[in-house]
């Protein structure tokens, strides 16, 4: 049995071992199984991270997300990440690699106080960025209004309450880069320009969605994917994303 | 363990504790898991309520529907709801909020004697309301005929039997409002104008479907979603929703 | 406990009680759960029947197919059905109704020696019949060729082997009738006109598929649904169903 | 009980009996269940093979893939296959037939050192080959670039690392033949012409995808199916598969 080895102090196995289903090391694999069945993390794409106070739990790179186990989770201390080039992990699973999404997740945690950040490769997200790219103006902002599901989003950073039915949901789009960590700067710039957004689309790539809690990040990710799919279907049917309903 | 607390008389825990899978407090979570997998209650959207004689069981607001538990269920007595502004609950789960759909569910129970009412945010329902909005006339009525699945609906309130193949299924559409409870008046007006309907579409929002029993409400909701999806695909293929087949 | 009653000789409960997963009374509910998840038997639509020598097992009318149990199964003796107007059942579950599909299933068993017949309301099947209805000629025959999945069909009644890649699969379409049992005559006529077909489409309704065994009926139903879906997508993309590849 | 017979040395039952979930005879059925739910192996179509050193494990022909068991697996020794016309099996399940895909799987193992090869009938793959067939030039190569999911592929045979975001993924298309084993020659020719490809599309049929390991073959198959689906949706929306982004 490997368990005595695996449970040694060396790899800080205790950080990811818990009988509590709500423990981040148990929640991340459960979420990833769900996301795989939704087509969000196909073929090792996408990822998920949960922050619990100063501890950050991260899905690794390159694993089949529907098969992920608690043992595969990376852990780091947010306050100890002084140099983005030298990431320090409390726990690194042997024979795995940390996710390239790590600096992007950390941006959501440090700049927005997020408790969870979800990255999907949802085709609906990608198609929305392609449709925006193809139109003459305003290529870097997805806008939709007057759809009930918009209420699934909070008003914004450190604000109370949810968006209203007539509010326009605005999700900024950043351009993709060959290396995922190079997205960090433009993701942070998008957060600065749209301080109340809970998501950033990445052109031809997917979307990052976050929230104060796992519950909020996950339900906002679902609501957003719903709106992306609806937007693509609306386009097929010649229906506009914005409308003037008072 | 919280169970002794949770089982105390104070919160009327006995109302939602049963070993019977058919008990409303067990059925609602099971239905919601199914509805989540169908895309009907994405991101905390939608809801479900079951009436058992004078007791009404309600899914709460803002929960992840596929994770709902019996403990999350609200209970009220239908005959005791004298003032819609002052809802009185027999059981209110701590740290949850009652659903904004409550007055709409109650309308189905009181005006139509329904035993179950289901509210979905199905994209097919939303797309049908958008397609209707975009056409010159008759924007407030979805009509389809000569499709076998139409037989999945009862003839109407206090009538025996099901619709026939050649009958036209008519589902009224009401306009959405910023606050869901404000839909009550127009929902009730639609019930009055179309007394035999078992469903009302809400523009850019979703649909309310009911039935005398859980079985009928659920199978009518499925049949309706099937017809909405079919109608959207028919539109993509240039096929009309109404036809003259004798 | 009801089990002693339910197991009495009166209702021939022994006919549907078996520990063998391959027993028709266990297989039909398992198949129906699968078909429900495929969208084939939404809202009590569709049905399935298995013949074991002279005994025919039938799903009842009006049940939620994903919740069906062995106890819900009807049983009749094929050789004893002298008068189609007076169906004689060996076993009739209390408080259920026999399926209106029964005479159609029996036609597959008696005219084609089928061991299993599946009836779906698949939207792809319905859309194919609508697309055919809308075209100038040949409205009553679905034809497709040069698709590998066509090999999923046998060559025909009492013939050895499967269709080839270049063979044209032909599925006749009959017109729907208000009462499902009234389809029997035209279904039998279609069987006579296309003696090698394993399926008949019903306009605006769905499809009947059969096979010598459960395995063949089920895999042919899957292959056919695959081809219907492919045909609809081909139409959306302007691709023809028939092509000249030698 | 058949188990003593089934476990006899005669049929080399020990080759497919293991408590290890990672054993090929356990993995293949698990993968096939997953592939069935993805629509890749509908109606007995498609197949999967895993190579462990010199032993090759193969799903049989004509079975319902979601119901496959370890007992159904064929085993052969790769180094002993001198004559493709006379396949020698270490283990042949009684009353099953070997897959016609066998020579194609073997090509991936011998010519590319693959550890796993997956064959799907995915409709997205078929539609991509139909769309290519219908265009004036370059009918035998699927090309897409500037989509993040392209990183899900290795650079090629005996090369380190993955494709980059700006790289163009190229998948050759071969013409289908009436007998699947007759595809072998053109599949091998496509491998020679595109030595770095991990997949070959078969017109009007599906796709073969492989990888050094089960993990790589499976995640590449998922990434490819994602891209095929995206490509079909892009075509519906008038979006080109290739773009000039620097």
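Quick notes on this one:
Per-chain residue numbering starts at 1, and chain names A, B, C and D are given in the order in which the chains are listed.
Simple rule for what comes next: contacts are C-beta pairs under 8 Å (C-beta built on N, C-alpha and C of every residue); 3 or more make two chains touch, one makes a residue touch a chain.
Keep in mind it's a predicted model, so treat the numbers as computed, not measured.
Taking only C-alpha atoms, you rotate chain B by 90 degrees to land it on chain C; that is to the nearest 5. Compared with chain A, the chain whose C-alpha mean position is the greatest distance off is C. Note on chain placement: the centre of chain A and the centre of chain B lie 31 Å apart, centres being C-alpha means.
Averaged Cα coordinates give chain B a centre that lies 44 Å from the centre of chain D. Annotation for chain B: residues touching 2 or more other chains are 236. Judged by the touch criterion defined above, the protein chains form a single closed ring in which each chain touches exactly two others. The list of touching chain pairs reads A-B, A-D, B-C, C-D. Those residues of chain A whose C-beta lies close enough to touch chain B in the complex are 146-149, 152, 164-166, 215, 218-223, 225-226, 229-230, 233-234, 236-239, 245. Touching chain D in their complex are the following residues of chain A: 39, 42-45, 64, 121, 123, 126-127, 130-131, 134, 176-178, 202, 204-206, 232, 235-236.
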